[in-house]
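Consider the two complexes below, in which chain A is the common component and chain B and chain C are the respective partners.
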Partner chain A sequence: MKKSELFEEIADIFELEEEVNEETTISVDSLALLSLIAFFDENFGMQLTGSDTKNVSKVTDLIKIAGPEKFS
Partner chain B sequence: MDSKELFTLKDKLIVVTGASSGIGKATAVLCSQLGARVVLIARDMERLQSVSEELAGDGHSIVSYDLTDYEGIADTVKSIVKTSGKINGFVHSAGISMTLPLRVNKPEKLLQILSVNLASAFEFVRAISMKKHSEDSSSFVMISSIMGVVGEVGLSSYCASKGALISGTKALALELGTRKQRINCVSPAMVKTEMLTREFSILSVQQIESKVARHPLGFGSPEDIANSVAFLLSDASKWITGTNMIVDGGYSAR
Partner chain C sequence: MNSKINGIEYYLPEKVLYNKELEELFPGWDSSKTESKIGIRQRHIADEDETALDMAEKACEKVLANFDKSKIDFLILCTQSPDYFLPTSACILQDRLGLSENIGAYDFNLGCSGYIYGLAQAKGLISCGIAKNVLFVVSETYSKHMYEKDVANRAIFGDGSAATIISAADVERIHQFSFGTSGSGAENLIVKNGGMRNDKEISPEEIPYGTQSFYTSNHIYMNGPEIFNFTIEYVPKLVANALAANNMSIDEIDYFIYHQANKFMLNYLRKKDKIPKDKFFIDMEETGNIVSATIPVALKKCIDKNIVTPGQKVMLVGFGVGYSWGATIITI
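This part shows the complex of A and B:
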């Protein structure tokens, strides 16, 4: 997946109006978590759980969870 | 009718989708125990084979079919009738569920869910209800969900598909009544199936406990649902059509 596609998806999930990049701050509430679970399952075949995202504060943290090699 | 025979399915041919696991499997097993010949439909041939070994009596058959391909359903029904004879009952237990909050719920996801949960169900009803494929007084049972009546976060597409089954069933009841054919929904709340185990794998213990607490009678078993389905397939329910039987352990009582 292109990083730009991930950023677009993140903007939708977190309803961010500014341009998203790796350093964009995000706050994972319960609805965002459900959205991320669906997104990770579909795009990376990963079963995300609440504990995986406990320490997520920036977009780059999500990239680390998915595996940086999955992005171009 | 002899009261001992009230709930029998003897001499009936019942077609069950989603028969390889959960509610579909429990329904198929119970129907066979009540005397029916059962046609099991699901994708996985190996699992179907294993379910067929649990059936009582003879004359059952298995059909491997992917319900997302609803264009081939009419031909599948035709071939079932050719092999096993006219159909007396149909149970649509196949279904998919995806937790998709609004932000990630795109039209293609909605259509994917509707395709299995709704379009394939109605296509089976269309094909089976033809005179050449079914007996008069046949009974159709759609496995809907309590989520077709109430809402749940992240399940708008699933809820819509199950609600559509309930409302569509009412309209179909009017059309099928001319041949005394009946169609009803059964709407379970949370039932201990593989589908539920998959959904729960992402939840914490507290989240699971809170879901149990919403069911005054606890989670259901597939057999609890199969019992209601068998009733609706039997002649004991011959004056019931167009309804939605809620079997939810009290989930919607509050």
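This part shows the complex of A and C:
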């Protein structure tokens, strides 16, 4: 997946107006987590849990969970 | 002997809890997102002195208004909110409804998969020649299991009841089933205290979880993300197994009614199962997730609105607490 695609998805899930990059701050609430679970399943075949996202505060944290090698 | 669904009616409690009220009770809680993403605007909540048994009685009375009640020869009630540990609610219900004393009556305890299990039991009783007309009622008041500061669950769940008559038929209209169980997920949707394992605590600890929500061990706890992961993993397999059990392909099914858990989850499962939008039921705006009653309420709405018509094949899919899941195909 291209990083730009991830950034678009993040902007959509978190309803962000500004341009998203790896350092963009995000706060994963229950509703956002639902979307992230679906996104991770669809794109990476991964099960994301609440404990995985507990310490997520930036987009780069999500990239680490998915595995940086999955992005270009 | 073959079997068919011979009537469905439902009852929802009078009291309605609107998103706006939750927003006032929980400042900062986003009601518009709950409506747009989860698909719930309001839910019906049983009065303090109204139980699942009371609601079951009302749903049964509605369906018996058009059916000779002396012909009911078996009564099955699915609930996780019984009036008492004992006696069985279905026994009390037999008396309240004035049904024959020469019938079998029992409760079973399942949640969101319950309707499928009840249909299978009714079909089994009929096909063995034990019964001819089974009154099967689902009735649930999760609101009574809920901690008042648990906005997440208060927003999702509603109370409701639905009664179905399953009767002997010339042609089989309730087809083959697929079931599944994994108690490994028990902790993810549970009321820990109050049964035989753990007494209710006098001052239980208030435990924060999710967003702005709290529960205690005396109350219902749901790990929403884990439940979502469970459905993503198991529901597509369940649908495939139910199709295989009936030697059918997905294109041969005219309509799909899944347990109405939440809109976002349903849409994702629909896409994963490659079902077109116009063949898939999503409507929980006015009821919320009413546990075992979502499927019969949906089916009744679909029949009344001619969304499904006689002769069509409809797949019913239930999944949730347990974990427990099941699916079948019916002919309308």
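Note that the second predicted complex is superposed on the first by the 72 of 72 C-alpha atoms of A that agree within 3 Å, B and C clash if a C-alpha of one lies under 4 Å from a C-alpha of the other, contacts with A are read in each partner's own complex, and residues count from 1 in each chain.
Rule of thumb we're sticking to: contacts are C-beta pairs under 8 Å (C-beta built on N, C-alpha and C of every residue); 3 or more make two chains touch, one makes a residue touch a chain.
Keep in mind that what you see is a predicted model, and the values were worked out from it rather than measured.
> Mind working out whether A:35 is in touch with chain B, chain C, both or neither, as first, second, both or neither?
both
> Mind working out whether A:25 is in touch with chain B, chain C, both or neither, as first, second, both or neither?
A:25 sits against neither chain B nor chain C.
> Which partner chains sit in contact with A:72 here, chain B, chain C, both or neither? Use first/second/both/neither.
neither
> On the A-aligned overlay, A:13 touches which partner chain: chain B = first, chain C = second, or both, or neither?
first
> Which partner does A:48 contact after superposing on A: first (chain B), second (chain C), both, neither?
Both partners.
> Between chain B and chain C, which residues of chain A are contacted by each of them?
In chain A, residues 30-31, 34-35, 37-38, 47-50 are touched by chain B and also by chain C.
> Could you please specify the touching residues of chain C with respect to chain A in the complex?
Residue positions touching the partner: 30, 33-34, 37-38, 152, 210-211, 213, 223-226, 228-229, 232-233, 262, 264-265, 268, 272.
> List the residues on chain A that touch chain C in their complex, please.
Against chain C, the touching part of chain A is residues 29-31, 33-35, 37-38, 41-42, 47-50.
> Can you check the complex and tell me which residues of chain B touch chain A?
Listed in rising order, the residues are 98-101, 103-104, 153-154, 201-204.
> Which of the residues in chain A come into contact with chain B in the complex?
That would be residues 9, 12-13, 15, 30-32, 34-35, 37-39, 47-50 of chain A.
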